[in-house]
Every structure is written in C-alpha cells, then in structure tokens.
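Chains here go by letter, A, B and C, matching the order in which they are written, and residues are numbered from 1 within each.
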Amino acid sequence: MRKANLTFHALRECNKAMQTRYAVDRFVKYLLLLSALVSIFVVFLIGLFTLREGWVAFREIGLRALLTGRVWRPGRDEFGLLAMIAGSVLVTIGAMLLGVPLALGCAVFLAEVAPPGVRAIVRPAVELLAGIPSVVYGLFGMVVLVPLVRCIPVPGNTGYGLLSASIVLAVMILPTITNIAEDAIRAVPRAYREGALALGATRWQTIVSVTLPAARSGIVAAIILGVGRALGETMAMIMVIGNSVIVPRPLNDNPLTIFLSQARTLTGNIAVEINYATGLHESAIFATGAVLFVLIMIVNSAAHILIQGKAK
Amino acid sequence: MSAHSITSRPCAERAASPLRSNLASRHLTQKVAFALLWLAGLVAVGALLAVVGYVVSHGAQVLSLDFLLTAPRGGLSGEGGVSTTIVTTFYLALLTIAIAAPLGVGAAVYLVEYADEIQGRVIRLLVGLARFGVETLAGVPSIIFGLFGYALFVAAMHFGFSLLSAGLAGACLILPLIIRATEEALRTVPRSYREGSLALGTTKWQTVWGVVLPAALPGIITSIVLSVGRVASETAVFYVTLGGSYRMPTSLLSGGRTMALHVYYLAMETRAFDKAMGTGAILILSIILINAIINYLSRRLTMRE
Amino acid sequence: MYLERNSKSLLILTGLLVLAMLATVVGCQSTPTPQIPGPAPTSTLTVGQPAPTAEPTEETEFESTPDPTPTPAPDGTQITEAGSTTVQPLAEKLAEAFSAQHPDVEITVQGGGSSVGVKSAGEGTVDVGAASREIKESELQEFPDLQIFTIARDGIAIVAHPDVPVDGLTKELVKDIFAGEITNWNEVGGPDKLIVVVSREEGSGTRAAFEEMVMGKEGPPIVDTAILQPSNGAVRTTVSTTPDSIAFLSFGYLDESVKTLTIDGVEPTEANAASGDYPIVRPLNLLTNGEPTGVVEAWLDFILSAEGQAIVVEEGYIAVK
C-alpha cells in the first residue's frame, strides 16, 4: 500500500511539474506570437502616422493636384509632386538599366565562372559594397562622378542629374541583387547542368538556356528588391541629382539625353525640406512620404504576384 | 535552344554540316560571354576600390589617435575630432539591438517553430498578417522610417530629438533583417535535433530554448552583427530623429550624431572635407571589420556541419 | 558538444565587445577641456525642428564635463535657441563665450531654418528664435508680441566658378540671370557658355533674403532649372567644382575656392557692407516672445555689447554698432 502511495505521490509531483511546463509552453507560444505581430503593428503605425500627418495636405491640395502638379513652391503654397514622381521613376529605370546587367553578370560570374581564388576576393568585395554608407557614395558621386559626367558634350549638361544618380544607385544596389541572384543560381540542382552538358552544350549555353531560366524566380525577386532599394535611396541622391523641381526632359534631339537632365526624387524632396517645413508644407512632405510608400507597396505586390504566378 | 537543335537536326545533315565550326562558334560565344562576366566581376571590385580608395586617400591624413579621441568643436572649419560620434554610434547600435533582437528573434522563432502547426483560423490569419508585415517592413525606405520616427517618437510622444527616438526608429528598420536572418538560421538546424529532444520528453519551448536556439546562435549573432553594420552606415533615419548635436550623449533623451551623420554635416556645412573623408574612412574600416567577423562566424558555422 | 564549438566564437565576440566598451570609456574620459578657460562648451548643434515641448532637456552629469566653478548667474540656467542655420555657427560662438563667463548657464543652439525660428519664438517653444532675414508682416500679425533684436548684418555675395572671366554685374543683371532671362555668359560680357545657376532650397533664409533683396518681393521666382543644394557649404562646393556656375553665398562662407563678383561696382567686403555701399545685406535677427528677462536678457545684452560684437566681426559678419 505504501509503495502504491509513493508512486501516486511521485506521479502527482511529476504531473504538476509537467503541467507547469505545459503552461509555460502555452504562455511562451502566445508571447512569441505577439512579437511576430509587432512587425505588422509597426507597418500599421507607419501607415497611420504618415497618413495622419499628410492628411491636411491631401485635403487642402487634393490628391489629383498633388500627384499631377508640376510646380512645387512651398512659399506660394503650390505643391505638385509630378516632377518628383518622374524623377524617382526615371532614376530607378536608369539604375536598373545599368545595374541589373552588371549585377546579374556578377552573380553568374560568382556562381559559375569564377575560380575559387577569385571568388574569395570578389564575393567579399561585393558584400563590402553594401556596407559603404550612402553618404560616402553621395560624396564620391559629387566630387568624382559629376565632373566625369559633365564631360559629355551636350549643352545644358551640368553633370548633376539622372545619369550621375543612376550610376551611383547602380553601384549601391549591386550587392543586393548579386547576393540573392547568386544564391538562386547556386540553388539550381546540379542535375540540370549535368544534363545539358551531357547533351553537348557548352557551359555558357547551359547557363543561358538551363540554369538561368531555372533560377528565374529568385532572379526576379532579386531585381524587385533592387528596385525597392533604388526607389528608397535618399542621401546619395540629394548630392548628385541636382534637386531641381523639373520634370526631366531631353536636353536636345537625342531622347537619351533625358538622363542628363537634373531631377528631384520623392525621397530627396522629403530630406531636403523636412528641416524647414511647417504647417501645410510639413503636411505636404508627409504626403510625399505616403506617395512613396504606396509606390513601393505597388512594386512589391506586383513582384509578389509575378513570382507566385510563375511558381504555379 | 542550342542543345535542342543539335539533337533535332537529321543525322545525315549533322554528319555533313561543319560540326567543328558549330562547336567553334559556340566556344567563341562562350569565350566572349565569359570575358564579359569577368568584366562584370572586375567592375564590381573596381568600383569598391575606387570608392574606398578615394575616401581613404583623402581622409588618411587626418586619421590619428587624437582624431579618434577628441570631441568635435564645430565652427565653420569643422574643428575637433570624432570621439563623441563614435560613442553615439555605439550607444545607438546597442539600443536598437536591445529593442529589436528580442522581438525579432521571438518573431522568427514563432514563425519557424510554431506557426506551421496552428489550426485555428484566426491565428492562421494573424500569422499570415505577421509574415506580410515582415515582408512589407523589409521594403520600406529608410527615410520613411525617419519620417515615421519623427512623427511618432519625436513629436507625438515628446521624446524629442534623442537616442530614444532614433533607437526606436532604428529598431523598426533592422527588425525585418533580424527576423529574416534568424529564420534562416533556425531552418538550418536539423530536424533530428528537435525530434531527439522531444523524444526525451521535453516540451516544445524547452526544446526551442535548450536545443534549437543554441544551435542557431551563430546565425543569430551574424544577423545582429549585420544590423550593427546597418545602423552604423544608416543616415536618413537618424537624420530626422537624432538631431545634429555633436556633444556626448548623456542620457537616452539627449541627441547626438552618428559617424555617418557627422560625415554628412562636415561635408555640407564646413570646409573640412578631409575630416569628412577621415570619418568616412573610419566608418568603412569598421564595416570591413564587422564583415570579417561575420565571415569568420559563418565559416565556423559551416565547419560544424 | 555544439555549445563548446560555438563558445570560442562567442568568447571572441564578447572580447571584442568588451574592448569596444573600454575604448568608449577611455574616449569619454579623454574629452579635453576646450581652449576657452572654463568648462566644456555647452552649446549643441541640432539641425531640424526643435523639440515640440517647452521643457528643457535634462542634463544629468554623466562623465566628460568637469565640474564648473560656480559663478552667480541671473535667474534660470537654460536658454534654448533655434532657427536659421546661418545664425547657428555665430550663435554657438556667442553661447560659448557667454557660458565661459557664466558657467552654469546652458545654451542650446539648434537649426531648423528662419521660418522655424520665427514660429518657435512666437509660440514660446524656444526662448530665442533666429532668423537671417527680415520678419514678414504676416509673421508680425501672427505673433504680435515678437521682439526683434538685430545682432549682426550679413552680406550675401554673388559668387562664380573661379574660371569665369566676368568680374562684376549689376543687381538687375543678377536678377535676370537668376530668373532665367539671361542664360548665356556672353550676354554679360563673358564667353559663349550656358550659365549654371545654383541656389538653396526654398525654406532657406539665405535664399529668402536674396529673393527679397535682388528678385524683389513681387519679382520673378528663381528659375526652376537651378541646381538646388541643401546648405551653404554644399553650394560653395558645387560652385567651386562646376564651371560656368553662379550662386549666392553668405559672407561667412566665402573662401578662395569661389570667385566673388562685384555688384554695381562694389566689392563684397565687410567694410562695404557695413558702410552700406554693398547693396545685398541682410539682418541677422534674434527674436523673443515679449520682453526678454533673466538669463535670456543677459545673453542678449552680452551679444549687443562690445565683446559680443567683436565675436560677430570675428566670424565674418558686420557689427550693428
């Protein structure tokens, strides 16, 4: 009888300990869920505050006037973001035109072509590019790139403008795209490559017709991330792009010279004026932030749909 | 494409066609393509050398122990050194990590370990929202974090331009970074670890705390070190939340200047371009150090496998 | 087992962290006392809108600043100043000098722009506001108790890239150039090159003063193809490195990297500005809400005294007495 009693007590103790552990387990689970929800909470707060501060501008100026107005003169209460939207979009396009081939080339190089010794140098170099502060890029652009771009003999070319900004931006987004694209390319199963090579294709043919298509979703994701980064860059932009509130247009008959035009980005608009803005002006700055936020959300969602669609 | 064409051409034609020159032309294409790829790699390294070289060559002359240990004194000639900015950067990094790391690691743990077993529809929805939140947050530009930090922490909550406002805004910035990297680290922990622990009778949480997290620790530390690097080089967020004071911060509510901000102010407001470059050089060297630490740690991690 | 292998890397990391912390402690303690005899300068340089609360920031003595020798100071020990970034460096120097004589007074100097300076002073968010331009009628209407103290005068020079062969312009020509009416240097006696106009952004007090005095209150706006830079220093860098460029720049920022142009035949020097010969001069104003009292009054008196004005001249501005 005593033995049974002891066992019973032991079991009860054990049971209590177990119950505490399970209770702790459940408590922790919900605690962790809470921390996971912090991020969506922050997103919500950001949206809330940006809209709240920008609401006055939206109400007073009107969404259409804000988005399509060509004139931004806070001194006369004129707030139009068209020039900034055009500037942001164009500089991103420029950065993509320059940066995507370069970055993908680097990614393929690192994943397929580079011997291990060279890879050990180039890969850290690309990672290091990501670590350089944007201020440094901006200064380098201002003092080195702008005079170089100015050498292009087109009248009206001051060096400051979309081209200089696109070059700087391309270098800044290179590590982002290269990193993810390289991972995607490496993830392609060896069997794919070996199959193509067995059929008599050269390594390059394999890369172009087998490996890259197989890594497509990762590469697209990398590019989309690059676009987001380009749209969001601020400090480097305000130092090389000129900040003139004009809708960029070609400087002569050659349409390519649109890239020699000065411009202002949405991000630059915020950074350059936030220190001086009061009242309606300040609200317009927040409205700029809201427009930027929405633009990036659109790009991200489009990317999501694209990738998910391809996955199916 | 080309691979297909080789097998789809009729046999006789193939035998008769100049197979060698076909191969030769494909090899030529490959040579050209590979040369271009090498060029891409070279351009990347070249860009790095150009930027770093420029900064170091223009800034090296001001670098000295004195420069590191003296406080900035302001004025139009940018007198003084950078000591207070180093300290501010350090404190700010510490603060953002202190806020973001527990939240980020906790979130990642939940998303990896717990989220998949959930049955309830409400919680499934919440989990979906959480994942969407992380992805969205990762894509928000830093100036928006700055604006948000200004509107919420500096103005609405009356923290003013302070380490606190900047720390909170910075924490929001690096949160998705930590969550993503921790998720990856957790996913590399082999299932056998978890199963073994559970088989021994531990609860889920005990397994996570005692087995999975320690195993994922190098990856988590890597993500934290990466975030420190991010905070050190970030400018836009702190530009509007930290104020521009170059004094030593004395409390959470005092403003300050990170090294990246100091570079900006020096270059823009003063004549001391060489000091701006010097500060930039220190920053870049710190980033190199941090990257080296990360590489060392991740090599330890893979050595373990 | 797995912990042992990771512990080495953890140890190294902890070691580095400890080293870093030691370094900062060492760094804190070797913050030297400045050249001016007395405690460390107490002025802060903050760019941006001032904190919306009226409460002064807490100053808990942490390390670095040594204990000041107390000198009896008038009521209150805190002055907050915000506004024009042009006045900022001057205000810092004036704050330093004042604090040297009254060590327990702490003066916080911030930026934010002239408009912010007027508004903060009018609303009482700060003790003293700074504006590098005349106060507008509308502002005086909004803040009727605003007291204006002109503490210095600042000339705005017209500068150009050093290689520009033109030596001087008239005010009218300057206005036409900045308005975009004149686009080529050969219209003003120079070579056949397009003029590159560089300016500050709209909220700048320097720009506002320039617009008022050169473009005219009802005059044309600055051409929108101008390159806009967010600070005087950036404007100077741009002009010194961009051929065929022209800009306006505060006297305090002039140096050999840019070429100054005479306006209506007058050289942009402090002497000419003081005598009134140089036409583009603007006041640097400090503003308070109502009559200043206590330590604020003491500081303003100091600034307007011979000693304060000597500092004004030293910084490259023009004294008001």
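The definition used in the following text is that contacts are C-beta pairs under 8 Å (C-beta built on N, C-alpha and C of every residue); 3 or more make two chains touch, one makes a residue touch a chain.
Predicted, not measured: the structure shown is a model, and the values here were computed from it.
Using CA-based centroids throughout, the chain positioned farthest away from chain A is C.
Two chain pairs are in question, A-B and A-C; the one with more C-beta pairs in contact is A-B.
Once the centre of each chain is set as its mean CA position, chain A and chain C turn out to be 35 Å apart. Averaged C-alpha coordinates put the centre of chain A at 13 Å from the centre of chain B.
Under the contact definition stated at the top, the residues of chain B that touch 2 or more other chains are 239-240, 267.
Chain C has residues 47-48, 111, 230, 234, 237 in contact with two or more other chains. Multi-chain contact residues of chain A (touching two or more other chains) are listed as 143, 271, 274.
Across the complex, chain A meets chain B through its residues 21-22, 24-25, 28-29, 31-43, 45-46, 49-50, 52-53, 101-102, 105-106, 108-110, 113-114, 118, 121-122, 124-129, 131-137, 139-140, 143-144, 171, 174, 178, 196, 199-206, 208-210, 225, 228, 231-235, 267, 270-271, 274, 285-286, 289, 292-293, 296-297, 300, 304.
Within the complex formed with chain A, the residues of chain C that make contact are 47-49, 111-113, 115-116, 119, 194, 196, 201-204, 208, 221, 224-230, 234, 237-238, 241-243, 245. Chain B meets chain A in the complex at residues 1-3, 6-7, 26-27, 29-30, 33-34, 36-41, 43-45, 47-48, 50-52, 54-55, 102-104, 106-107, 109-111, 114-115, 123, 126-127, 129-130, 132-137, 139-145, 147-148, 150-152, 156, 172, 175-176, 179, 203-206, 229, 232-236, 239-240, 260-261, 263-264, 267, 276-277, 280, 283-284, 287-288, 290-291, 295. Only residues 68-71, 73-76, 83-84, 86-87, 90, 154-155, 158, 160-161, 214-215, 217-218, 221, 225, 239-240, 243-248, 250-251, 253-255, 265, 267-271, 273, 293, 296-297, 300, 304 of chain B touch chain C when the two sit together in their complex.
Of all residues in chain C, only 2-3, 5-6, 8-10, 12-13, 16, 20, 24, 26-28, 30-32, 34, 41, 43-48, 51-53, 57-64, 85, 89, 92-93, 110-111, 230-234, 237, 252-253, 255, 315 touch chain B in the complex they form.
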